[in-house]
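One chain, chain A, links the two complexes that follow: it is found with chain B in the first and with chain C in the second.
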Partner chain A sequence: MIHPSSSPPVTPYALKGVYKGILKVSVMLALTYALISGLASILPAADYRELPLLGNRVAVWIPAQLHLMFAAFVLGVPIFAVITEIIGAVTKERRYDELAREFTKLLAMAYTVTAVLGCMLLALLVLLYPKFVGYMSELFKPTWLLYIVLIFGEVIVAYLYWYGWDTMQGRYKKWHIALGVLVNLWGTALLFVADAWVTFMMSPSGIDEANHLVSLWDAVANHTWMPINIHRLLANVAFGGAIAAAYAAVRFLNASTDEERARFDWMGYVGSFIAIGAFIPLPFAGYWLGREIYQFSEQMGVSMMGGSFAWLWILQASLIGSLFFAANFYLWLGMGRIPGANRYTKFQVLMILVLALGFLTWATPRSIIATGGEMAAMGGSHHPFLGLFGVMAAKNTAVNLMILTTFMSFMMYRRGNRIPVVPWATVGKALQALVVAVAVGIVLFYGVYSYFVPSLVRIGFSVYQVSAVLGAMAVFVAIDIPLLKGAREIGAIQWGKIAPRAQYALFFMAIVFTLLMGLMGYIRSGIRQYWHVYGRVADESAHAYTMSHGSATLIVSGIVLVFLLLIAGVFALTARQKDKRGDAPAQVALAGEDAR
Partner chain B sequence: MSRTLAKILVFTLVVIGAFAYLGQLVPQFVEHPPQKVVITTTTDKADLAEFGKKLVRGKGGCLVCHKDQETGNERGPDLRKAAAQAPSRKPGTAAEDYLIESLKEPGAFVVDGYPNMMPAAVKPPAKMSMAEVKAVVAYLQVLAGGEPSVTILPEDVATAAAATGPVHRGRALMDTHACIACHSVAGEGGAIGPELTTVATRHEPATLLSKIRQPSTWTAEGFPAGVMPVGDAIPEGDLHEIVAYLASLAGKSYSATGATSPWSHEGLRLGLVILIFNLGMLLVLVLARRGERARGGASHG
Partner chain C sequence: MVKWTFGLALAVWLAVLATLKLGIQPPIPASVLMLYMVLVTIAILVFVAADETRFGHFVAPLRAVYEGRVPRPVQVAVLVALPALAGWGTWLRVAPNFDAPFEPRVVHPEPPSTFTFNGRTVDQLTLKNPLREGADAESLARHTAAGKTTYYRNCFFCHGDALGGDGHFALALRPIPANFRDVGTISMLQESYVFWRISTGGPGLPNGATPWHSAMPVWQNYLTEEEIWQVILYIYEGSGSTPRTWDEGTGGHDH
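Presenting the complex of A and B:
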């Protein structure tokens, strides 16, 4: 047993662990540099070099997407960990600290895989696209060095965070939490630097007519930089939570005792809660990104939403729609282990109806696929009477209602075994019902009204719909917290007593999140079409074409499968490692404890 | 346990497989980059209209919003009627001028009922030259059943700027490495050394490379030997860039990449960062160990 108060917060043991990380990164970077320099001097000079069999584009795509997924994981896990650690410190519940520790332990190996994939990507980019990489590296020269420094900094703080976990307890806890916050700030800085490069390729700025640099800051702070930063930050949290929940689901299904089942059931719940919590504002961040793309280039925006990429949004709608189903399904099954929650079962029929109708509306294509003969008979690509089918007005309405439904599911789950006892409980509940009804009314009103106004006016309506939903959620929670203060508890949550199929809902969420990342990554990169830097530097290689959606989804599917296998490997190998303290599982009190 | 893991694997494969299958159900098409067209002052008008059609359907990206046949998008006006409606669109502006203006400055006049959302054809991403703009006008005129009236002027062709591939930085690097202090190129620079605009017409890129690396290899006629400094301080990648630029002035193609560019100096910087972090961490580790020993000694004492 460690007595934290008598140990210094940072021991030589912890520093040795950190140094191992530094050494690992140093060796990897040096080897990559040597490999690139060596091969570049042997290979013949060319603007593009061709990789046999796989081809340049796919060869770069696979490690790039895998690197991005692992990077999302190693950035998402510390956010997940520090939130959980703070909850543990505030509530004094040891199990939160154990949960955060268990996931932080994964970081060392996950960093290694991320770095290996990053090095592979760098080598392939420099060797296959030397001219373009030369241009980008010259343009963003100061940021490459900053990125390397940030990598080392991230390794130092993240490894200290892990290796200092046991010694930085008790009176040092606040410093450990501060270290966790630092890991996240550092990780966010890394993300922001890398985003500057990719977003410049999408929406270039800061260069003159001849593509020479005028202002580095303008090149960094281009139209899509901040929206993508925010979108990725939220997505990383959701992704980290979903993967954590899937890990808990595996452990739950393999558990042999009730105690283990209780522990992993609870862990899965916390993971899914964080995932869903971060997932709900994601569509709003997506709106912002879309708006900035239109601001930058109407043509790019229209190509993305209504042109060749429009069909990929149908795939995206199917994935996100399924995600909403899975999240609600999990919450509803979870309510089975909450005494008293059955009083909300009656609402589930209405909720599933909203979700199903929302799903159908969202996944409906803009127009039908018609043959030449059919088009001639209709007098155009659209039906003469019905016109367009899946228009944005209806889709926005559907998405907002699905978000609100999922939020309500969670609120019911949260209130499951509690009955408010404050004197103003009836008024409070009526107010909550009112704000939700008003939000639904606003969303429906603007949804219908959108059909009667031009598209430019219609685009602005989505802001009112989003604001109504966000506002309703904020007011609902603001009332709910004091409302449930001192609430009468019907009974304790029966952790572990949940149907195994609920665990498959957690797997489903993790897989779909990963598929979404792959698909959205392709859309984001693909809308540049035949440009390295949109409208400025053309891709003159043989791979500049936009591939068919079928081929793209096959590649994305393959990448997702490889990622899931790799992450499973990271979990399995980390589980075998023994840390200094050992791995005594935390005991989860089955009675009297509440995850909220 | 293995049974559970097998179930999870099958479940994962089914979900991913369903997504992959869904991807095959949506319409499938492959979009290739637009073909490059070369327009000159002597290009035949029928060819010009044909080039214009290619530009409308390809590089211009016009069909994202317009249609030039029965089926297509209707975010913008129907292109089949554009030339016929042009004479009456903007009072006081001739039809051809109106069509050119609507491509160069679409916001100058917006047709009623349509939003002001069209990007200028002469700016990225279409970045058409004037010759290409006129080719599009020729196509619109033919599309409306008329004859092309546009004439390609020498200045239209001179400003033609094809989509640029990865950028050659040779000219900028000649400033960086002070070549321009002694040599002139494209009308700029000093007169101590030979004029370099046409140097690549007389010498192969490899010869130019060896000259910059080791000036004593040969000396241009009429200039004294031993004046030019040895170019070994110029990074390898930059050398290739400069030679590629000079070769391009002579109409020759030379790839600037292949050597260690752009890593020649980057390697040094990378090594420095690695060294600093490793030495720093080792120092911290040694100090921490010393502190621990001191505390151990004190507690024993």
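Presenting the complex of A and C:
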């Protein structure tokens, strides 16, 4: 058979896949609906129904968080995939396309798990919290419909994207990429709609004194909606990348040939690169969200940062600090397989110093756990010297410098085996050094100056610090790209020759990202305390209390464990599926351009 | 240098420990010291392991011992010292001592949205200091002076002559009275918060702030509303700080 060049790229094979997808979702939704209405008619009417053993709150919490993690994965992976696909199309390197394809393949199964979890969550919510869910669905009715439409849309484009992968190579590539972008737009729309419900519960607006709807748009576009949207979007990319890297790490460690090792080493690198790239702006998005929360309700802000939840932020700081450690560790070990990169080894002493000091500052608690004797010696629960590091000014300075350091590791890695040959190389390098030095100067200057001004002025300083760091990174890269044009290569990167222990850093990062999501999810939801809708609809069930941190973090850890097991299952099952390569003719068409 | 990685790592670790333990006055609480040393240990290990040459030199001495390439006495010494060290560490942790146990506590618990002041409900969220709002310099000075009198009649026994939290009774109390000169107390609080704290004292603290047996009296039983606002004016002025206002309050990690 010959591939007729005029035929549309969407083949029967692809369409069959899409039908299957639609059928699957429809069946699932129908079953859930049947289950819910069946049970609801049997069970006695009530405002709350109590689930024995687990209890309502935990019963809803676990599937909700798992659903969210899988959703993050299925939203993050297409972003990751399209970026990689575009890189592949631009650089004409086959392996990028292969990588993107490999991950898109995971989507089908991951969607199913996401949907199952979503249906479980829905059923539990409706059955256990009938009154409250009734109120919410009345309020947000049109968005529910939109959501269902979007789900079907997402399934259609995503399946077309996957099943069209092989048939839409070559001259159809740009349309395939467009499809990939569409998958992401659709996914983002889904996320935004779901976020509207969640954020309404945190920071309600658009309702009158009696909680009746005044404006649906105001209810959707409440205080925390956009910040959560952006925060989640970035986090999803980071998460997708981290999971991809961890997968590559497993495959690397299990690889039996040098070829495989090279492939998975490279894949782990790309995954971690995307993860960290998306992770760097995340703290800034977080500050924005925090600001909006404070502006919506000071009380909520105080209980989040200074009140009962304060200790969880110490946990968060430790997790993020260790992410920085792991990322740099991985990059430095990776430089071992780049000929010529040992030129930069000497900087590692300074860099670990910055990272360690930054981590120490970040982990310094504001209110210190101390025995009576120690407290008497300190004259209070604030240590006069440590107190300097407990405040926001110090922590902002620390995190900015840590971000810059990690960025520099990346840049050294990038330059590792290349020597710039452009005539202006010396000037260019000097400029780059200057830019970084200026940024460090600005960050330090405002960090120290913060201690001498009232808090009203101080808050503004963090903006200067962030801008200095972001600006420096932008300028550095802008110089770097032309600087390395036609650079002399000392030797090719020896993919696969990385020390196996580097792979554990990738695992570690994936686990930490997952833990962070679980923990932050708990804080976000927990700060509503005994409210369903903060300040408006009280939670009158027996579960309206704030848990002890010990119990809450145990549940979070349990969820993380279950998620990792489930995702491992998805990976294993997908790997087992025999990989039908689109329609046969496409294979023939491809054979010519396939480098391997 | 790389050849000495093991020795250097050990030396750095000990130097940091010595500095943190002996170089800082008043001493760092054990909980923080522990946290710092764990982080320092991790940092050193990460650094050492992030480069093949360094790592090789780091494990070389250990290998030499365990593979028996060092004199027998050295080998025996190491094999005895390692478990002994671990045992000593364990002993330090479990040895009985007579300190009061740790009290992890939230120093500034979230205020309730409303509270009762002499039978009247006060809305915490909209509460402002009526004596500061739109007051002219003269009346501000007058009220501050009155607040100063109130302070030295009622508060200084605990909160100290110079508002340093070191009054006569201070050392008898757990937790000790707040030090108003510390940046971590009233200068990071709104006046409405301080009003709540003074009016309801230790008994008014929410459950979230336990374990907490604060001796701070319930001042609404002894002072008028005006007197409390006046004393607030004074403790800010006297300690040279300003109340926090919320338009700037993005707070962040201010625990």
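Things worth noting here:
To be clear about the criterion, the second predicted complex is superposed on the first by the 553 of 596 C-alpha atoms of A that agree within 3 Å, B and C clash if a C-alpha of one lies under 4 Å from a C-alpha of the other, contacts with A are read in each partner's own complex, and residues count from 1 in each chain.
The criterion applied here is as follows: a residue touches a chain if its C-beta (ideal position, glycine included) is under 8 Å from a C-beta of that chain, and two chains touch if they have at least 3 such contacts.
Keep in mind that what you see is a predicted model, and the values were worked out from it rather than measured.
When the two structures are aligned on the shared chain, A:I352 is found in touch with chain C, with no touch to chain B.
Applying the stated contact rule after C-alpha superposition, one finds that A:S137 touches chain B and leaves chain C untouched. Judged by the touch definition given at the top, the superposed model places A:L75 against neither chain B nor chain C.
By the touch criterion stated above, A:A499 is placed in contact with chain C alone, chain B being left untouched. Shared-chain residue A:A108: touches no atom of chain B or chain C.
In the overlay built on the shared chain, the residue A:V469 is in contact with neither chain B nor chain C.
Of the two partner chains, neither chain B nor chain C is touched by A:I83.
Look at A:V560: by the touch rule set out above, it reaches chain B but stays clear of chain C. Using the contact criterion defined above for the overlaid structures, shared-chain residue A:W311 touches chain B and also reaches chain C. In the superposition on chain A, the residues of chain A touched by chain B in one structure and by chain C in the other are 298-299, 302-303, 306-308, 311, 314, 369, 375-376, 379-381, 454-456, 546. Listing the residues of chain B that touch chain A in their complex gives 1, 4-5, 8, 11-13, 15-17, 19-20, 22-24, 26-34, 61, 64-65, 70-73, 75, 115, 117-119, 123-127, 163-167, 169, 172, 237, 240, 255-263, 266-267, 269-271, 273-274, 277-278, 281-282, 284-285, 288-289, 291-292, 295.
Interface residues of chain C facing chain A in the complex, by the touch rule stated above, are 24-32, 35-36, 39-40, 42-43, 46-47, 49-52, 55, 99-111, 113, 124-125, 164-166, 171, 174-176, 178-179, 182-185, 188, 190, 208, 242, 244-255.
Chain contact summary for the complex, chain A toward chain B: residues 8, 10-12, 15-16, 18-19, 22-23, 26, 29-30, 33, 36-37, 40-41, 43-47, 126, 129-135, 137-138, 144-145, 148-149, 152, 156, 210-212, 250, 253-254, 297-300, 302-303, 306-308, 311-312, 314-315, 318-319, 369, 375-376, 379-381, 454-456, 504, 507-508, 511-512, 515, 529-532, 534-540, 544-550, 552-554, 556-557, 560-561, 564.
Within the complex, the chain A residues that touch chain C are 287, 290-291, 294, 298-299, 301-303, 305-308, 310-311, 313-314, 317, 321-322, 325, 328-329, 332-333, 336, 345, 348-349, 352, 355-356, 359-360, 363-387, 390-392, 395-396, 454-456, 459, 462, 499, 501, 546.
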